[in-house]
Every structure is written in C-alpha cells, then in structure tokens.
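In order of appearance the chains are A, B, C and D, and numbering begins at 1 in each one.
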Amino acid sequence: MIKFALMGAGRIGKMHAKNIFSNSKSKLEIVYDLNPHSAKEVANLYGCNIANSPEEAILNNNVDAVFIASATPTHIEYILSSAKAGKAIFCEKPIDLNINKVNQCKKELEQYKVPIHIGFNRRFDASHHSLKQAKVKGEIGNLEMIIISSRDPEPPGVEYLNAAGGFFRDTAVHDFDLTRFILGDDPITEISAYGGVLFSETAKETNDLDTAMFIMKSQLGVLCHINNSRRAVYGYDQRVEIFGSKGMIISDNQSPTSVKKFTNNITNANDPAYHFFIERYDQAYKDQLDIFINCINNNKPTLTNFDDGRNALLIANAAYESLESKKSVKIDYS
Amino acid sequence: MIKFALMGAGRIGKMHAKNIFSNSKSKLEIVYDLNPHSAKEVANLYGCNIANSPEEAILNNNVDAVFIASATPTHIEYILSSAKAGKAIFCEKPIDLNINKVNQCKKELEQYKVPIHIGFNRRFDASHHSLKQAKVKGEIGNLEMIIISSRDPEPPGVEYLNAAGGFFRDTAVHDFDLTRFILGDDPITEISAYGGVLFSETAKETNDLDTAMFIMKSQLGVLCHINNSRRAVYGYDQRVEIFGSKGMIISDNQSPTSVKKFTNNITNANDPAYHFFIERYDQAYKDQLDIFINCINNNKPTLTNFDDGRNALLIANAAYESLESKKSVKIDYS
Amino acid sequence: MIKFALMGAGRIGKMHAKNIFSNSKSKLEIVYDLNPHSAKEVANLYGCNIANSPEEAILNNNVDAVFIASATPTHIEYILSSAKAGKAIFCEKPIDLNINKVNQCKKELEQYKVPIHIGFNRRFDASHHSLKQAKVKGEIGNLEMIIISSRDPEPPGVEYLNAAGGFFRDTAVHDFDLTRFILGDDPITEISAYGGVLFSETAKETNDLDTAMFIMKSQLGVLCHINNSRRAVYGYDQRVEIFGSKGMIISDNQSPTSVKKFTNNITNANDPAYHFFIERYDQAYKDQLDIFINCINNNKPTLTNFDDGRNALLIANAAYESLESKKSVKIDYS
Amino acid sequence: MIKFALMGAGRIGKMHAKNIFSNSKSKLEIVYDLNPHSAKEVANLYGCNIANSPEEAILNNNVDAVFIASATPTHIEYILSSAKAGKAIFCEKPIDLNINKVNQCKKELEQYKVPIHIGFNRRFDASHHSLKQAKVKGEIGNLEMIIISSRDPEPPGVEYLNAAGGFFRDTAVHDFDLTRFILGDDPITEISAYGGVLFSETAKETNDLDTAMFIMKSQLGVLCHINNSRRAVYGYDQRVEIFGSKGMIISDNQSPTSVKKFTNNITNANDPAYHFFIERYDQAYKDQLDIFINCINNNKPTLTNFDDGRNALLIANAAYESLESKKSVKIDYS
C-alpha cells in the first residue's frame, strides 16, 4: 500500500486524487493546496488529511510518495524537498520551463536515490502503447516515418497562456516526448519549426502561437512530423502514425460511443472525438499511476524519468530557435 | 467480335447499349423498341441499325447474340425466338413472373443448344464476388450464416409496381439469387417470410409490400436472413455478410468518394451510398457483359443460367406462401 | 450510502462486488456464497462481512439492498426473502427459467412495495443507449426495422449448458430484451424461430442449439431480426441496427484499442472485438449499478423491472414453440 | 469531335489512347512513337494512323489537339511545334526538368493563343476534387493546415530514376501542385525540406532520395505538410487532409473492393489500397481528358495551365535548395 501526499488540488489534482483513492494498492494520505478550499474538497471526497504547508505534506512520516500536481513554478522545489525526504516522486510535466533550473535540479538530484516519474500520460495510453509494442516486435519492419497530429479542442485563456511557457513547451512538448517514446534508443538530432497565429485572440494577446508544424530527424534518419493546433471543433485530435518497410500502424482518435449514423447527408458518421485530455486519457492516467506504484513496489526504474522531462524541453527550446532563425537546429542533449 | 441485337431501349437498355459499344470485343448491330423514338436515340448514339419488328432484330444474319432488356412479358417470346434462330441469349431478370410459363419455356428450350444468361448483376460485383471467392477458398471455414440487407433508395410509382409482380418477385428475388450464389451447391430448402406496408402510398395502392424480412435454411443447415425495404434515405443499401467457423466477411456499401468529414457534430462521415443500381453496379454490369462474351467466345457455359432464374422465382413464390400461411414453407425445385 | 448484501461470489458476483466497492455512493456490507472460500475472497478484497446463511445476509439490519448474483434456481427464493424484509432488490437475469414459477413469484410480490431491478446490462451500454435516445428524439423518423447480431466468442461447457435453460432462454433472451428496450411502448406480438447445431459438441450433447435466427413483428408492424451464435472467432459480436424513415443508426462492435494496421495483405485492420461480456460491458455494469442506486436514493422506479424479466422469458418460450411447430407464434403477455 | 495526335505510346500513352478512344467526343487520329512497334500496337487496338515523324503527327490537317505523353526531354519541342501549328495541347507533367528551358518556352508561347493543359491528374480525382469543393463552399471555415501523405508502392529502377530529375521534381511535384490546387489564390511562399535514403538501392545508386518531408507556408499563413516515400507495402498511399476553423476533411485511400474481413487476429480489415496511379487515378485520367475536351469545345481556359507546371517546378527547386542549405527557402515566382 503506497501512501501519497498530493501537492495541488486543482482540476488535474482532483483527477489524480480519485485515481489514487480507487487504486487498491494506494491510499491518499494528505493533500496540500495553496487554496485551502480546494484541499478541503479533496479531503472530504476521499477521506484524507489536509496539510497547512508543503512541508507538512511532504515530510509526513506516513507518506511514501509525493504526487506533484501543483503549479509549474513549484515543481522543482517540491521535487527537491521530496528527494531530500527520501520520498518517491510523481511529478506532472513539465519539470520547469527554464532549462537552467532543470539542469541545476538534475545536478542536485544526483545525490538522492529516489524514484522519479515525469507525467507524460500519452505513453500509457493503450492504443499508443500498442503501436509502440508493434514497432518493437518488428511488425512494421524498419521505422522510416512518424507522423503525429495533435490538436486541442479550444484555445485556453490568457491567464493559462501567460504561465504555460509558450505553445511548444506547453503542448508540442507532449508530442516531442511521444516521438521520443516511439523512437526508443534512436535520439532526435535536429528540428525545423513553423508556427503562426491563425485564429486565437488569446494567443495573439500573449504573443503565443496557435498553429504549428515540425519536422525532426533522428540519428538513424527517421523523419518525424508533428502538427499542432489550439482548436479542433470535432474534439481532441490525437493521432499517431508510424510507417516502415513492412507497413503502417495508426493509433486513431476515439469517441465515447461506437454509434454510426446514416442520413440523407452522410453515412458511417461517428460521434465527435472525446472532448479533451481528461476524457481521452482517463484510462491512461489510471494505468500510469498503477505502473508507477508497481515500479516502487518492485524497486524497478520508473518508465519516464527526469531526463525524459529534460530532453523534451531541450527539443522545445530548439524548436523555438528554429522558428526564429528559419534554420534546421541541431539538438544538444549534453 | 460478338454482334448484338438489343431488345428494348429504355433506361436499362440504354445502359447495356453503352456497355456493348464500349467493349472492344462486342458491337451493337441492331436495336428494337416498341417506341421508335427510343430505338432511334440509341442508334444515333452508338451508330447501329433500327429494327421495325422484333423478328427483324432477332433474325438478322449479322447478329450473334440477342440482349433482352425489354418489358418482362416479352422475355419468354424473345428467348424462344432467339433460341430457334440459334442466337446466344442474354436476358435481363426475371424470365417471367409466372412459374408455369417459365416451366413451359424451360421444356421448349431443351431442344435448342444455345447459351442463355440471366442478368443477375450482383453476382458480378467485385466486392460480392470477392466475398464468394473468400468463402470458396475456405477463409471463413464452414459457412454458418448469411445476412443480406438490401434496400432501395425510394419506392417506385404505381405503374412500375403494377407490372413488377410484387416486392418478393421484383426485389427480394435478387437477394434470393445472391444467397443461392453464395451457398453454391447447397440448396435453400425452406423459408419464412414477414412483410408489411410501413410507409409507401404506392405499395398500399397496389396491394404490395414495402418492408420485408426472411429466414431461409439450406440443406446443410446454413441459416440465411434477408431484409428489404423500398426506401433508404442514405442511398442504395447493399450489404452482404457471411459468417463461419473461422471468421466473417462483409461486403459493405460504397460511396462515390472516399471523403470523410469531421465537424462539431460528427467524425468520419462518408458521403451517402451510391444512389441506386445503375450507379452502384455500374462496373458489375460491364463485367457481366464481358464474362458473357467470353463464355460465348470460348464455348463455356454461362455463369447464371435459366435454372438460376427459375429457382429464384420458386423461392419468391414460397416466400409468398409463407407470408400467407404464417408457416415455414419447403421449397420444391422439381 | 446504499449498503449491499451480495448473494453469490462467483465470476459475475466478484465483478459486482468490485463495482459496489468503487462506487462512492455504495458500500459492500456482507457477502454470502454456498462456497465459503469464494465469499472469503470477496471479503478480503473489499473489507466486508461474511454471512453463514442467505438469511444472515438478507436480514442484516445494516443492509439496504440485496444484490442477487447467485445460481439461477436461488433467484426467486432470494427475491421473496428480500421483498419480505423490505430490501431493495437487484437480481441478475433470469428471474427463473420456468414461467409458472415466475408468475407465482409475480403474484406474491404484489404485496410488497420494494424496488426490483432485473440485470439486463445491455440497456445500460453507452452505445446501445445512445442509439435508443436517438430513436426517441426522432433522428431516424418512424422506426421500421431492428437488426441485432449477437454472438458469443466460444461455446460454454456441458455443466453450464445443463443449467442454462437452453440457447433462447440463456442468450437470445438478452436480445429479446434489447429489442423490447428499443421498441419502447410498442410490444412484440409474434415470432418465428430457426435454429440448429452447426459446430458445438457441447450443444449437441446437451440437446441445445448453437446457431439461431429470429424474426419478430411488433404491434405497429416494425420487423425485427436477431441472429445468434455460440462462437465468433473475432470476439464478442454485439451489433444493433435500427432503420427508419429518416435514416439508420448502428451501435457497432468495440475493440480495446483504436489501432489500425496496414500490411501487404490488409488495410485499416482493427484489433479483435472485446473478448466477452465482462470486457465489452464493463462500463455498462458500473453504470447500471449507479442508476439502480440513484433510483433507490430518489424513490424513482427501476429502469428494468420484474415484468421486463418475465416478458423476455415469454418471448423465448414462444420462440421455442415456433422452432417446434415451424409456425409464426403469437405472444401472450397476460 | 476532337481529333488527337498522340505523341508517345508507352505505358501512359497507351492508357491515354484508350481513354481518347472510349470518349464519345474524341477520336484518336494518329500516333507517333520513336519505337514503331509501340505505335503499331496502339494503331491496331484503336484503328488510328501511324506517323513516321513527330511533325507528321502534329502537322496533320485532321488533328485538332496534340496529346504529349512522350519522354520528358521532348515535351518542350512538341509543345512549341503544336503551338506554332495552332493545335490545342495536352502535355503530361513535367513541362521540363530545367527551369531555364521552361522559362524560355513560356516566353516563346506568349505569341501563340493555343489552349494548353498540363496533366496534373490528381486535381481531377473525384475525392480530392470533392475536398477542394467543400473548402471552397466554406465547409471547414478558414483553412489552417493541409497535410498530404503520398507514397508510391515500390521504388523504380535505375533507368527511370536517371531520367526523372530527382524525387522532388518527379514525385513530390504532384503534391506541390495538389497543395497549390487546394490553396487556390493563396500562394506558397516558403518551404523547408528534409530527405534521406532509408531503403532503396536504386535511390542510393542514382544519388536520389527515397523518403522526404516538407513544410510550406502560404501567404495567408496556412501551414502545409507533405510526406513522401518510394515504397508502401499496403499499396499506393494517397491521403489528403485539410483542417480549418469549422472542421476537417480527409480524402482517404481507396481499395478495389468494399470487403471487410474479421478473423481471430483482426476486424474491419479492407483490401490493400489500389496498386499505383494507373489503378487509383483511372477515373481521374478519364475525367481530366473529358474536361480538357469540354474546355476546347467551349473556348474555356484549361484548368491546369503552363504556369501550374512551372510553379510546381519552382517549388521543387526551392525544396532542393532547402535540403542543401538546411534553411527555410522563399519561393520566387517571377
């Protein structure tokens, strides 16, 4: 039974609280949120304690693992406190938006031997995972192309955007990680990025982008394309395609039902895709938690570690450099 | 080069004229239609002669084969004249609506050795044919069920219905034949029929049906279902499913394009199915003609013969008997 | 908080125990099973008490509702004990295999005012339910046909078959209920049934069937077809189609992933369908429980009641009569 | 009746000969090929004359239009001879592989007022065309992204590659044109290109590429991605996706049948896609010819003109420049 301290009881924190509660191998011990009202809500629903400070949660003797689902600027602080206290760490992405802070954190972490998992939820989706497994089993032969279409249902507000670190670090970073996940041992070596503001007022106000495309090349020469948008009216668009010498595998979108409609206008029409990540990756979040718990219980390394979080940020930074310079940019992981 | 006399230059006759013209192995020699205007139209388009009487067309010395696409009541007369004249015969279904006349015709035909093909176009559709071939190759193991959904886009007018011989002999007869085609050597032995008038004014006026369902059993115990409607707003619905010990094969509907639409209401929506048989079975009609020509040229037996036309009618008659008696009816092919 | 006594801790009982445990509005209070080992297993997993007799579970003062998931012959006994004790009842289908016993039970129940829900899980599947809602909203206009394909992955063993009451009462009964669910106020009035043993040794040994087809007619003339098989190698086949004046809706099969494969042999290939009802209707079972709890909490009538269980059995009995007599059989609900 | 001289009787020439023959509004008057055997084959099949020199074909008095399907290096010579002779011109893509020659040809053509059509067949595919029409009608609102996946079934031989002008000018050029077709009035302004040799021995031998990816930006900011491969084992992959403020439209792959297979391994599996362009664009080639004929008959401008051929080449050249410089390259259409 792994006992968790939960840092952050906002939308995503509440979802994690429910998953910790429902998993028969874990228990929600204590919750902390800057907003005491949010913390109390979670405590009432799932019968846990409330911490009055981050330390009270992290240092709690009953706590085995710290689940960091708070605002991004707190992540490194909580990671380091948890590591010092010898707790296992589950940290929602990103580690931080500033690569220097991430590098500094990496150095400090070297002295602590705690398991740390960065929450790249898509790796744990049954369909994306099945695609990866098929690649590993050689079902498509030699991998030659990866194509990811990843579009949010609607653009977020100004407040969110101001804290998000930019479209590439906030959104595309998931797809950079998914590309890395599929490539496995073969690192991405260069990237070209295009972007624009085609529709979003909030993107314009915050000097951000709402539409982007990337090409990346791996060391073995695999060509990878990602396209991103902040708005897709037919729901959360999450498609992954891998192509190789023996065929192609697509992890396609999913709808809440398997209903098909036929009218005088259309045939075979499915419902819109799941609305957003909470719905689309509902099971992936549960499975990710379960796998994290199993890793701790069995003293196995976590499946997405600190370097996964750092490397995805390095690619996002290189993408911004390419957007600026209009050149292909090499990625330096050192 | 097979030279054809075409009997009947209505809608379906015109389509066959075009196909004869376009096939490099055939030539349209002469056309006859009760309505001289229709015959002239075809003659102008495809550069053939016009006959002033059925005999003039059928007995024409240049003519190798007679294509009968005229009104149903003329079919037997033209079949027999053509047979006497030693011409190969392609006769659109049905042979006749009256089984006694069909039996009499069968007896008379015994003395003539001419090839005769009955126009059950669906057997020659690439998808239905591929389904049949997969069954023959054993891809689904032992056949256990056949399920056919077959629905016209909209009900015909009173004039058509008055001449059509009833829903089972006019429409379901195609599906009885398709079931026989799939079953191959294994004959249908009994049938139960249900029907009703659920929407069509013209069906009501003509004492006909607009909706029907059948279950049939074959000698080997295969269970077969057919459902029919005179109206499907999403286009001509033509689905065939076979199910067996090793799997299932479906020959699905087809649309004019492979376009898929995604809006805030729907995803993966295709265009409506092809409107009706002329569009859906366009290629099947061409292939059927080509195969008929090859049979003649190579002295091979035709692929759908007189008995195929007769047997489908026997099943339709048994279906009417079942509808009346509310019992399962055995089918007597003798 | 609804506190449950669970009767029966076999495969299906265990699944219900988990669902009761996970639902934040219910609690598993006590479990009873003839086999103490099974009861103990459930008690260990979900922290509930163990009853030494059915009465001890049903009459327990803390218990609000009795969940009957035990062997069929015990259902009526437990229903009546629970009713007498004033407990709400959730009873897995069937009520009983003998219509006389069901009728007797119905009469006795009249004196008790307890809520009773019969577990027809398919009504609570999101896709089938969405299909029904679309029909109610008039999306397909007037309903004219219902077509259900319902096939198990593999035939059960002799022991199961000996207790199951025959293919129509065990399996087709779900589809009779689903047809009734879609028809709503419009009752099924007659049925024709076909069946055979095409592959299953255990069906042959137990004098049962493994393949069946039905046509039913409703009072308003809707034609309904069901086909059933005890074996489908591509997984649990659960398709429902409704057809009407404005279009068609299909509730299609579902696979564990949305992966599509493309090789030199095939394109667009999905994984096999979910293996069987536990997987396919996983969420439906949870939703069914939740709705039952809400009905009790809000003093609303249950959504599938005693008569739903009885009427489905009456149709199954009429189907056997038709199979025997080879006639269409009228259904008498009195 | 438009009378054609056909230049070139190779594989593609033969297909065009058949289409000219089958179209009731055109006639194949005369054919020329360097190889007299090829010319004779066409003449025998479709009953036309044989020219002993290009001039004999082009200058023939009966000829209204010249169809240029010969080797690329002959295109400009035949275009100019035909223009001087006042004949309408249908020229297979490309005009030439050298932009200076194309520019020189353009200048010379200014003095002649003959219709000229460049054979970009994909614009005339019913599905791609329907996608474009839906965009024009505003069905997806403002266009924001175009994504084209275009992959040949297998790499060509060394001889073909030596004459083809490189992967971008030979293959990607079709997709550059299709992107331009969809964008309409909004020109492509810059491009980034990636490429590699991942599998093809013949590509390596000829210093060519077998795999490529592009990002392009239009003047209005639309982001466009193309990916190309010389080999797709599941058939000729030809997918086009457009995405905008109101939704998405995909023109998907097509198979010879609508058959779906279900086994213990897979469900919903279609046949492989059409093998290659001759099969996939069979109807598009016929429709393209028909539209060209109608343009001449009605004195309307052709739908793909000389500048369409030139502009696609300019983009391909810019793509090579980007591949070399690893920079985004602006496209200069002057």
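Rule of thumb we're sticking to: a contact is a pair of C-beta atoms (placed from the backbone, for glycine too) under 8 Å apart; a residue touches a chain by one contact, two chains touch by 3 or more.
All of these numbers come straight from a predicted model, not from anything done at the bench.
Considering every other chain in turn, the ones in contact with both chain C and chain D prove to be A, B.
Most remote from chain C, judged by the distance between CA-atom centroids, is D. Centre-to-centre spacing of chain B and chain C amounts to 42 Å, using the average Cα coordinate of each chain. Centroids of chain A and chain B (each the mean of its C-alpha atoms) stand 58 Å apart. Multi-chain contact residues of chain B (touching two or more other chains) are listed as 233-234, 246-248, 253, 261-264, 271. The residues of chain D lying in touch with chain B in their complex are 22, 24, 45, 126-127, 130-131, 134, 139, 246-254, 256-264, 271.
Taken in their complex, chain C has these residues touching chain D: 233-235, 253, 255, 261-273. Residue ranges on chain D touching chain A, taken from their complex, read 142, 144-145, 147, 149, 151, 190, 192, 194-196, 198-199, 211-215, 217, 221-223, 225, 227, 229, 231-234, 237, 243, 245-248, 326-328.
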